[in-house]
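What follows is a pair of complexes built around chain A, which joins chain B in one and chain C in the other.
And now, the complex of A and B:
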């Protein structure tokens, strides 16, 4: 009989062994899936996962996609450690993009070094407000933050749609639901000559470093960790649950908002009705893949970004829908969650004693 | 035969709301057992594809509905295994379920895009369908509409009148107490998840079998999330799920017909309403003193059997 028993000692490498097993299982299952579609797994996997990385353009695209994932993943890792389930990062990202984009359009045509910081600030505030709503409702009324932040995601997407169809529409755009292209002073510089990789990636790395600092050395990080591990211990230590909720959602909101404005000013260059292929939701996978360690969010974000590229490559070269990305992502998350049992428990063969 | 605009709109609202009733009930039964499953969207779309594939293969409606229910249950069993046996985080697992379901259905469904399922015949209820206006609006529908109402009634009976239903609620309210009374928390939750998966699958199948007899990737378009919101809106009561579903469905149809009804504001503002109403409902329910309308006590908390 197979059974699980709690480990007496948990070592740091147990976490990463579990992640490795999850990755291997994902590749194995994906291969089986591809084989069942009548495709050769090895060459298909090579074509969709390796080939996109063999050009400057591909790497640049990878960094562009990893930018929002890493940025948001860091903030979510902090919040999840505190046991605050901000599922609405997508909405906070959209609000960030919308508000930042609105600032960029308001100062359209004006040059000045101060325009870009103002745009970034606008986006960050937009996300902050969107994160503050579930925080307020949770603290004041004990309303479930998962559902409130989720509902607000849909509201944010609709709000963006109203704005690009109406007030923020390009006056010379033949009624297309798009804003004007942002001018140069409100556009983030690119990293390479090819692809869409932009300077936002550097910000994302800085966020990951800062996040690690907060978790490891700041009292705030410690407080959030304690609250997440045990609410009674946190109460005993005099930590306020409300404060943790506020901090987790405000940080999540502001950082996701920042990621949103960076996405529109660095990558898209204008406001369109659909500014994110679910980066805010996918960042949740990134946070879990990193086992909620902010620094590990960097490789996790790159890996998940690769799954987006792989989806596009799969569509082009294998003729399967781009949504196949989601199959990979879903499988990866299933296996990660399943194998995380191995961190604190071990599998034993034999009789239950 | 021509019907008035009003009748047509009510008729359309019923059609738009029925998938939400099924999916909402599917979420409700799980939440009453203490399981928060954010994967309803994934379960729905897999059910949508399974039901559609079965209808295209020429099977009758009843078989297609069972196929969809089975597909939903099968996918939900992955969630059950992870959450109940491997103690995985239910929030993340539900999300994974949604992603996986959306991806899998897109991958497997690409061959069906562009094909149309056979039309489902309406079951006109003799006598009642001759009532002016509401006769056409409420009593001449496909059988699944009636099934959705019967399901809600059955679930109400089950949860309030049957012994098994009371045990299920006990597990949802306080799993430790239920466990010490000798009930199998894991077993009951497992059954609740399978049932919920089946209902969500049928809800999805309604989209492809009746609403738009086509399959398009991602066609559930957030209905699974609305179903979750509905359950809160309905304060975990089956009949209120119907009311909530018809409200959500109503808003979505009114927004489509907004122009004809003389509403001149942008459709998006109307579309926001259900979500905003749900947030208000969440606040009202949560701010009340714990009692009749509050969430099941053990909702979303992992149960670990101590040996």
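And now, the complex of A and C:
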């Protein structure tokens, strides 16, 4: 018989042991999947997980992918702690990219140190507005923020598509649905000579540090956390639920929008119909992988970014389908949620007494 | 009566002992919830199980009812070896249990609820007839077609008792059955229990109300820290001596010293509200509530649970604000429109009934829980926005040492404290804020006798230092010993207020049932 018992004492490291077990299980299952395809698991895993990290180009790519994941992951961790389920970070990212990109195109060809901040501000505001919609509907009509923010994602993606097919299309682009390439004053500098890693990664790290500070020392962070843990205790403490809903979604929207504009100005360099391989959704995995600790979002984001690289490497060198990335991520989330049971419970093998 | 005799003969045919428990132990990890427990219950006996919270009473009866498996020891039921694997096993062997928290379905009728508890029975005419017969025999009155959500706590309990009696049990276990009952309902329950015992059925009666045990039970087994400490005849003991055996230390008498000159002083807080509709439809609507408290005085509000106490607490604490500011006046200032935080800044503090999840957050540490209500004192909040962990920890430390809170440190989670210690911490947290008005709801619910005494002293000390206290409680003994003035709430209406000196339990019981409250 297998018994699941509540732990008498929960220690801080139990959470991280659970994460470690989830990682091991993910690797083990991935190995089994590879073996079932007739591939040697050890060399295949080495080829897809380790080799991408052995070059400056690979590391640069890793940082490029980790940048939006970490940035958004931090904001989502704050919101999820408050019990506000912003599932639409992807849409907020797209709006950020669209609005920031639109600002960049409006000032196209104009040089000045002020162009870049303006572009970033435009993107942040775009995401903020997109996050404000579910917040308003939740506070005013008690509309479920999960549904509203999720559905708004598709609206944002379609809006971006309309814009790059129409008003923002490159006049000299042979009718391809793409904007002009942003000029230098509206492009973020790269980190390395190779790859696409850009200074957005530094912003991401700063966000993680800032997020940690908010959680630990800022009263607002405490207020949001209390509201997430118990609405009636929050009410008794004099904290307003509406304020928490607004703050969680505005922070989530603004930061995701910032991530979006950083992505288009640092990485892509122009507006295209598809600016994100679901970074906004994947950041949800990142936030939970980090157990909603803003600082832990950094390693979690790097790890998940690696799963993107691994998926690409697997396609190229092993000839497996593109869905491999999602399989890796799905396995990870699945095991992560499964092992989180171990934080508060332990498994005991034995006989019925 | 002949019917009763016949049943008695049938039941007592076997032997004198109904249940025998020998050397039962149960461990949760390293913690011994029960250690070498021995218990013997005779046929037709009403046997009390006495002990503080955490003494191991619940663990013991859970093993008898098949919910928990003992780690060692044996049981005998009617001279046969007895080791139930599940509650259903226990039922088949003739053991029934009525829980403290009722397991009834609100949306179903009484009849359907009873049918659900009986395997293979349907809520049809035949069952209704059988139930009617049982109700008649034990004088338990319920209407079978009413839905359970319309019923009061006493009626719900009757549903549970009938459900158990339908299984013709030899042994009936009742866990704190009177905690939700008025004195009159308690009286009725005792009649039923006497009747059951006359028929030769055995009853295990868990309680920490010593008066009841003395009035009702033939024998009492006293437990402390998982072990049996004594088996006594409660009728030969005084409430005081029973209490001492139960706690293991001498009790001090709690009695509110004659209220000083509080009565003559001007009221500090006056509440005068018409109808108040709570946000949640589960809470009772208040109507026409008028009350006032003077500095240094304790006002008790009695009432059976679910009669509007929750809404009243929310209105007083500010969790529910009212449109007309003048509905509540504190020291001449209208405050009814102000929220919790604004009222707290004006010295109105409180401690709600639900400790974990309302007064405190179980997942947070003690020092973090301090921030919830005490953040405006002692520099815990710097510049309005930053939290000073050092100040909050110092505050928590002060509460812990001043009020003898048993815990490892300020870093312990609120959920790790026992009910009594957590309550001491929570009331202490407010007391250090020097409240002008303190509102507290059921402060000693589920708290052991020693902590209860301590909490009563804390509340009285607060009043002695000049605070106006409003104590909402279901515990009549508590109200009669702690308060200066007393009233009752029933269906959201407040009775007249009487000086506690002139109040008797019977009179209070009548008030709790809504008598003398004009509509």
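Structure notes:
In this section, the second predicted complex is superposed on the first by the 349 of 353 C-alpha atoms of A that agree within 3 Å, B and C clash if a C-alpha of one lies under 4 Å from a C-alpha of the other, contacts with A are read in each partner's own complex, and residues count from 1 in each chain.
Criterion: contacts are C-beta pairs under 8 Å (C-beta built on N, C-alpha and C of every residue); 3 or more make two chains touch, one makes a residue touch a chain.
None of the values given here were measured: they were computed from a predicted structure.
Three-chain overlay on chain A, with chain B and chain C fitting side by side and no clash. In the superposition on chain A, A:222 makes contact with chain C only, not with chain B. In the superposition on chain A, contact of A:232 is made with chain C only, not with chain B. In the superposition on chain A, no contact is made by A:267 with either chain B or chain C. Of the two partner chains, neither chain B nor chain C is touched by A:86. Comparing chain C and chain B on the residues of chain A they touch gives the larger count to B.
By the touch criterion defined above, A:244 reaches neither chain B nor chain C. With both structures placed on the common chain, the touch criterion links A:143 to chain B but leaves chain C unconnected. With both structures placed on the common chain, the touch criterion links A:71 to neither chain B nor chain C.
In the superposition on chain A, A:327 contacts chain B only, with no contact to chain C. With chain A used as the common frame, the shortest Cα distance separating chain B from chain C works out to 5 Å.
Shared interface residues of chain A, touching chain B in one complex and chain C in the other, are 352.
Considering their complex, residues 8, 216-220, 222, 226, 229-230, 232-233, 235-238, 352-353 of chain A touch chain C. By the touch rule above, chain C contacts chain A in their complex via residues 28-31, 69-71, 317-319, 339-341, 344, 350, 352, 354, 357-361, 363-364, 368, 371-373, 375, 381, 384-387, 389. Listed in rising order, the residues of chain A touching chain B in the complex are 33, 37, 85, 87, 137, 140-144, 146-148, 150-152, 154-155, 158-159, 161-162, 165-166, 281, 284-285, 288, 320-321, 323-331, 333-334, 337-338, 340-341, 352.
Those residues of chain B lying in contact with chain A across their complex are 36, 38, 42, 78, 81-82, 86-89, 91-93, 95-104, 106-107, 110, 217-218, 222, 225, 228-229, 232, 266, 268-269, 271-272, 275-276, 278-279, 282-283, 286-287, 295, 307.
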